[in-house]
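Next up, some structures in structure tokens.
Across the two complexes that follow, subunit A remains constant while its partner is subunit B and subsequently subunit C.
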Partner chain A sequence: MSVHQEKKKEIEPALIVPFVQSVRKVLATMAQMETTIGRPYGKQKGPSEHDCSGIIGFSGKVIGTVVVSFPLATASKLVAAFAGDEVDPQSSDFADAIGELTNMIAGAAKPQLGGDANITVPSVIMGRGHTVSRPSDIPCLVLPCSTVAGEFIVEIAIRTA
Partner chain B sequence: MKILLVDDSKTMRNIQKKALAALGDVMFAEAGDGVEALAVIAATPGGFDLAMVDWNMPNMNGIDLVRNIRTTDKNTLLIMVTTEAEKQRVLDALHAGVNNYVVKPFTGEALLEKVKATIAKKMAA
Partner chain C sequence: MSVHQEKKKEIEPALIVPFVQSVRKVLATMAQMETTIGRPYGKQKGPSEHDCSGIIGFSGKVIGTVVVSFPLATASKLVAAFAGDEVDPQSSDFADAIGELTNMIAGAAKPQLGGDANITVPSVIMGRGHTVSRPSDIPCLVLPCSTVAGEFIVEIAIRTA
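Here is the complex of A and B:
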């Protein structure tokens, strides 16, 4: 494979930093938690190893998807801190909270992505082993995140249109 | 005081409710989108003193809701509460008729102070 083709497979670095900042800002503001971001890595194909995911689509000058995925234990603690109360993971309120956290992470990053972009209302998938489909022509980078509530990941599969 | 909370996220409505309860004697109503909000407004005698409005919602988004309300109501205070932070979006909301703008994420204290400032500005006018 040529160098040019290899470069096309890399996500643009300028699209990553806004999400590093937005994850930290959202969790610090809404859940009073500090987030440590680990070394990013390329997403491997296959079903999710996590229990729940919030999904936001991007359109306009930036296209693709951002997915925030959690183990249930982490999600439960984050949701409790965010909502101010314990929330039953079986309830629609739990999925709603996951969706809103995802919405704020994507929304807080959006102004720094360098173009006029629109985001969808969030979708939430509950259940281990779920699969989130992404456009095959957009590389996906994973940000491993760590808080006192536990670890989670942010999968960024976006590019400028 | 009657406050309408318009957001497709019940979690976000609850967070706002907790923060704004500190205003004192408040009656809250809720709606999950702009269409529902208009129905709640129509069904509430005397309307509301304040509506906290999300931007991105299904059925009818917040900016369209604001424009709709302002065709007949110039008095109800409208505050946009949204992740949309770009300058043009803020300008669009102000042109549509909001009285103030809060960007998510926010602390309860910051939300409360923004609401108090908006009320105070109206009372001073």
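Here is the complex of A and C:
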């Protein structure tokens, strides 16, 4: 492996801070919840298991994906706070709410990423214990997040193009 | 719902044909398999369940997502044909192969979509019976595909921006 490729394995800190801020801001505004963010860690050990994930793709000057993943109980509480009422996890309203939350987190971080980045519409995955992978050559950092609704993670796998 | 929104619920045929061609071409070239594509149908009834999905996002002049979803047995046979040997579905090589297959299908269709479209890197979801949703305002058409390795589907949820 070349030195150049080796270097790409570490995500740039300037690409992380905007997400720390946007997660806190979106959860505070949309779900009236304070978010504690733990020490970010690299995702070298393979994928983690999730019940509910929102995925947003980045293209342009910044490429990769950002995944916001929740245990089902946490997602249900966040969606209820976000929507103002309980929402059936099987319904399209539930997936729409998780997608919108993911979209707001990525959208609030986007202007701070230091380049023209395009973001895609969100995809929402539901399914107990699913895993989300991306190409091995894109570094991935995990932000562990904690709220009164429970814990969730934000997987940031982006790099400048 | 406005007439304009109603219209957006139907996907443009010009955005479908490139995927019919690219699926056939990529499977023939990379897995030496002929693909029979059935009559496309709209995905109004809610999400289908999958074991293994590759997701690519589109942004720019064409926005949305394309998802290639397989039962695990079909994915395993296709990856074996693609890689030239059996690959453990738990390994990162397996996810990389599914991601690359998805990337090739989207990449081969992209120039035919009639506008500047950017595609993201692929995300790969593994997990028995997961579902993939996208925002309700983007129309989704499902291409049912059949090969000697089994059946799979391509969900095309894109529209011109």
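Following the convention adopted for this analysis, the second predicted complex is superposed on the first by the 149 of 161 C-alpha atoms of A that agree within 3 Å, B and C clash if a C-alpha of one lies under 4 Å from a C-alpha of the other, contacts with A are read in each partner's own complex, and residues count from 1 in each chain.
Rule of thumb we're sticking to: a contact is a pair of C-beta atoms (placed from the backbone, for glycine too) under 8 Å apart; a residue touches a chain by one contact, two chains touch by 3 or more.
Keep in mind it's a predicted model, so treat the numbers as computed, not measured.
Participant: Looking at the overlay, does A:F58 come into contact with subunit B only (first), subunit C only (second), both, or neither?
Facilitator: In the superposition, A:F58 contacts subunit C only.
Participant: Scan A:A97 for contacts with subunit B and subunit C and give back first, second, both or neither.
Facilitator: After superposing on A, A:A97 lies in contact with subunit B but is clear of subunit C.
Participant: Can A:P111 be said to touch subunit B (first), subunit C (second), both, or neither?
Facilitator: The answer is first: A:P111 touches subunit B but not subunit C.
Participant: If we overlay the two complexes on their shared chain A, which of subunit B and subunit C does A:A83 touch? Say first, second, both or neither.
Facilitator: first
Participant: Contact-wise, after the overlay, does A:T29 reach subunit B, subunit C, both or neither (first, second, both, neither)?
Facilitator: After superposition on chain A, A:T29 lies in contact with subunit B alone.
Participant: For A:I156, is the partner it touches subunit B (first), subunit C (second), both, or none of the two (neither)?
Facilitator: neither
Participant: For subunit A, which side has the bigger count of touched residues, subunit B or subunit C?
Facilitator: C
Participant: Let me test your reading of the model: by the given contact rule, A:M126 touches which partner, first (subunit B), second (subunit C), both or neither?
Facilitator: It touches subunit C, and subunit B stays clear.
Participant: Look at A:I16 in the shared chain and tell me whether it touches subunit B only, subunit C only, both, or neither; answer first, second, both or neither.
Facilitator: After superposition on chain A, A:I16 lies in contact with neither partner.
Participant: With the two complexes superposed on chain A, say which partner A:L141 touches: subunit B (first), subunit C (second), both, or neither.
Facilitator: neither
Participant: Of all the subunit A residues, which ones make contact with subunit B and with subunit C?
Facilitator: On subunit A, the residues that contact subunit B in one structure and subunit C in the other are 92, 96, 99, 119-121.
Participant: Could you pull out which subunit C residues touch subunit A in their complex?
Facilitator: Touching subunit A from subunit C are residues 46-47, 49, 53, 55-60, 63-65, 67, 92, 95-96, 99, 118-136, 138.
Participant: Would you mind writing out the residues of subunit B in touch with subunit A in their complex?
Facilitator: 8-12, 14-15, 18, 56-58, 82-86, 104-107
Participant: Taking the touch rule as given, give the residues of subunit A at its contact with subunit B in the complex, in rising order.
Facilitator: The contact residues of subunit A facing subunit B are 25-26, 29-30, 79, 82-84, 92-93, 96-97, 99-100, 103-104, 106-108, 110-111, 116, 119-121.
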